[in-house]
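Next come two complexes built around subunit A: one with subunit B, the other with subunit C.
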Partner chain A sequence: MTEKWNITLRVSRQKDTENQHFDDFKMEVNPDEYVLDAVERVWAFMDRTLCYRHACHHSTCGACGMRVNGVEKLTCITPIRAVTSNGATLKVEPLRNFPVVSDLAVDMGAFYRKMEVVSARAVLPITEAEIENPATNWPQNDAQFLRLSDCLECGLCISACPVAATSPEYLGPAPLAAAQDVGIHRNPELLGIVDCEDGVWRCHSAFECTAVCPSFVDPARRIMALRTQVIGAKLGKLFGKA
Partner chain B sequence: MTKPHAIIIGAGFTGVATAHDLALRGFDVTVVERGDICNGTSGRTHGLLHSGGRYAVKDKESAIECIDENTILRKIVPQVIEPNGGLFIAIEEGDLAYAEQFIESCEECHIQLDELTPQQALKLEPNINPKVLSAFIIPDGTFDPLRLALAFAGTAKHNGAKFRTYTEVQGLLTDGKGTVTGIKVLDRASNKSQELHADVVVNATGAWAGQITGMAGLDAPVKPTPGIMVAYDQRFVQRAINRLNVPGDGDIVLPQRRMVVVGTTSFDAENPDYIPVTDEQIKIMLDRGSELIPGIRNAKPRGIYMATRPLVGGGSGRSIARTFKCYDHKETHGIDGLVTITGGKATTLRAMAEKTADVVCAKLGVTTACVTKETPLLSYRQYYTIPN
Partner chain C sequence: MNNQPSANKFWAWFNPMGRQVGGWAFILNRITALGLTFYLFLHLIVLNQLAQGPAAYGGFIALTENPIVKLGELLVVAAAIMHGLNGIRIIFTSFGIGVTRQKELFYGFMVVALVAILFFAARMYMG
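This part shows the complex of A and B:
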């Protein structure tokens, strides 16, 4: 028998020039369903005016990021069981630090512009993935193979970052992590892009980005590694090795 | 001379690819989508860049479409593709019996095919079932569904197309003599209705095509046919793994990022808006998927979802041909100004768009040729970075 819970889904609403408010939807759920399934059922059966972003439903596209009970989650892979209990309320809100388009949907324009500025890689050789799971000794000839990058460009790290909240021009965790992945050695132009006021030095090491990243990117560690790259590149220039 | 204006309903694969094609042929293009881009079937597609191997034996037309489009997409949109090939593997004697017609059919459909011994196959993919009896390597691939659509949409935007998401069609506008002249829409973000006029309206709503044709009093040209997908949290393989046999449930396992995705099933549904996942279907994916890759039994699910194919033609479920159909409703029902494109599959999105744009151009006397085969797509990020 499938387990059934009764929950109240408390959904952030905001149309046009309205102020943010919340609508409650009482619903029966299977706790093993994902938060996105509950949101989608509100639209399908209870309120056709609800707007939210979603596409792949398996953590490859990065469209369905929301704040769930105040914490950034990729809702398509967040089981309801993991974030609430039977009879309780589950609050869903749009990501912070993005303009709200409507309800739970946000505008990703500025964020994707920053990912483009650092030439974030969409696909990369599988041998360059930092960890592979399961850890198998892949055959030598697999070096020719490509893999979609870990970063889903979901924006959870931007929403969670306390620095992004105060300075909209800050590149932010995912773009800086992408710059580290590309590497200044591979793209020397990155030095000027990240070694500036709104770049790698603005991070305050809150590590919130890594805490919410749903896709193993570990942006905080990569930002620290990018600082090492920047210092290395600048020292190289200083001593004429660039 | 003013440009002809086309409204496209639906920002799934066919809608965005048709927007790209028509923008290149000099149209003013407006795409309306009730949700965000790719929120329906397209976003939830399995992500297999078909070589055509799956269809070669039973449906050569589909198979040839697939290998041709597979080759084109690798060239024009490599940014969204894991181009690592695929294996068809035989696990049981019954699978081996299928091998002969599989080889013949792939050759007939010019799908490149190399036979491997079980030892060679296990060397290439150490995590497939060690009981593998035979294997064939073919040019399958994997793509990111949303980013595939974004690349088409972003390039279309660069060429002037406008995208209006969260905009739901409420009705068709007509001239009183049966010709469709536009649509009435509700902007769901502002809760305001508006009329949009155009020289032609393209219904690219896939499994929902019947809801739009219904507004013109026409029957649904399509049968919604959902199937389940289960993603698991380990990347066991680098290539798409297919069961060497007649297409069935749970017989494809795809790598994608750090996951594998097992799919799928096939059944009929009435309302494609919400198809619930059932425990029975999840179990089928686990049982069948682990026949191909035993390690799946020890992996954790990371996303379980239903996607609703828009299948055209007679029959039901897997016996329906996967090819697409484009209807000029003037030809079929005497209703001018409305074109419906439906059916098909993700791999053939560009070809579907070419056919649709050909029909639209013929209606409006536009003679510009299709150039999408040779036009590399811009970065998928352009969709978000170019203001509407």
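This part shows the complex of A and C:
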């Protein structure tokens, strides 16, 4: 028999010019369902006006990011069991640092534009991917095979970053990680884009991006690696071998 | 959208809700940094007054026996130790050293900080 929990889903609501407020929805769930399933149940059976984003339901599209009990989660892969208990209240809110369009849906336009500015790769040769087995293990003639890049462009890292919270012009974790992935050696124009006050040097090492990233990006590590790339490229220029 | 400062943004830096270890370390670093900077100004003002002559100096030494001033001094020492050690962690990780172990580095440095603070507290109050 499947386990049943009774929870209260406390959902952030905000339409047009309204101030943020919360609506409570009591429901029975299987704790092995995901947070997104509970949100969908509200829309399906209780309130058709609830607005939220999702598509794939399997951690690929990056659309379902929300704050669950205050912390950024990809809701389609966050089991209810992992974030609450039987009889408790589960709070869902829209991502921080993005304008709210309606309820749980935010406008990620500015973020996507920054991914374009650094010419983020959607796919990359498998030989260049940093995956659990080191990339160097791939036979070089496998370079014809492409792989989706790790970043889902879900925006969780931007939402969690305390620097992005106060400096909207800051490129932010995912775009900087994407720049590191492309590499200044492959695209020298990136140097000017990331070596500036709203680029790689604005990071204050809070490591919140890596703490919330649902994929294998580890943006904090990549930001630091990008700094090394920047210093390398500038030293290279200084000694005339660029 | 721009980088203009505002009071809301200032307070947002110190909100610990929905943050994790690295974020709390960032908040601690910023609070101690501002505290130390404030103390630096205080210190310069007091030093300036000490230069007014022996009477002012004597009055100041008497002040250091005040328990509240003494606690304040301990807070300054604690802030300097925590900020300095955390600063070393940030310098390491900025050079790519221990980035994936930043949490453990923070815990480790804070244990060292606690021991050092207790050591200074013992010297101030019992020595």
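A few points about this structure:
The rule is short, and it goes like this: the second predicted complex is superposed on the first by the 230 of 242 C-alpha atoms of A that agree within 3 Å, B and C clash if a C-alpha of one lies under 4 Å from a C-alpha of the other, contacts with A are read in each partner's own complex, and residues count from 1 in each chain.
One rule holds for everything that comes next: a residue touches a chain if its C-beta (ideal position, glycine included) is under 8 Å from a C-beta of that chain, and two chains touch if they have at least 3 such contacts.
Given the structure is predicted, the values throughout are model-derived calculations rather than measurements.
With the C-alpha superposition on subunit A as described, subunit C and subunit B fit side by side in the combined arrangement.
In the superposed model, A:2 makes contact with subunit B only, not with subunit C. In the overlay built on the shared chain, the residue A:146 is in contact with subunit B alone; subunit C does not reach it.
After overlaying the two complexes on the shared chain, residue contacts for A:230 are found with neither subunit B nor subunit C.
In the superposition on chain A, A:60 makes contact with subunit B only, while subunit C stays out of contact range.
In the superposition on chain A, A:176 makes contact with neither subunit B nor subunit C. By the document's definition of touching, of the two partners only subunit B reaches A:126; subunit C does not.
In the superposition on chain A, contact is made by A:51 with subunit B only, not with subunit C. Contacts of A:165 after superposition: subunit C is touched, whereas subunit B is not reached. In the superposition on chain A, contact is made by A:77 with subunit B only, not with subunit C.
Of all C-alpha pairs spanning subunit B and subunit C in the superposed arrangement, the closest lie 15 Å apart. Subunit A has no residue lying at the interface with subunit B in one structure and with subunit C in the other. For subunit B in complex with subunit A, the residues that touch the partner chain are 35-39, 42-44, 47, 78-84, 123-124, 126-127, 142, 144-147, 165-166, 188-191, 229, 231, 233-236, 238, 255-259, 261, 273-274, 277, 279, 295, 302-305, 379-381, 384-385, 387. The touching residues of subunit A, when paired with subunit B in their complex, are 2, 15-16, 33-34, 37, 40-41, 44-45, 49, 51-63, 76-77, 101-102, 105, 107-109, 111-113, 115-116, 122-123, 126, 129, 132-134, 136-139, 142, 145-150, 152, 215-216. Listed in rising order, the residues of subunit C touching subunit A in the complex are 1-3, 5, 9-10, 12-13, 17-23, 25-27, 90, 93-96, 99-100, 102-103.
Against subunit C, the residues of subunit A that register as touching in their complex are 67, 70-72, 96, 110, 160, 162, 165-170, 198, 204-208, 210-212, 218, 220-221, 224-225, 227-228.
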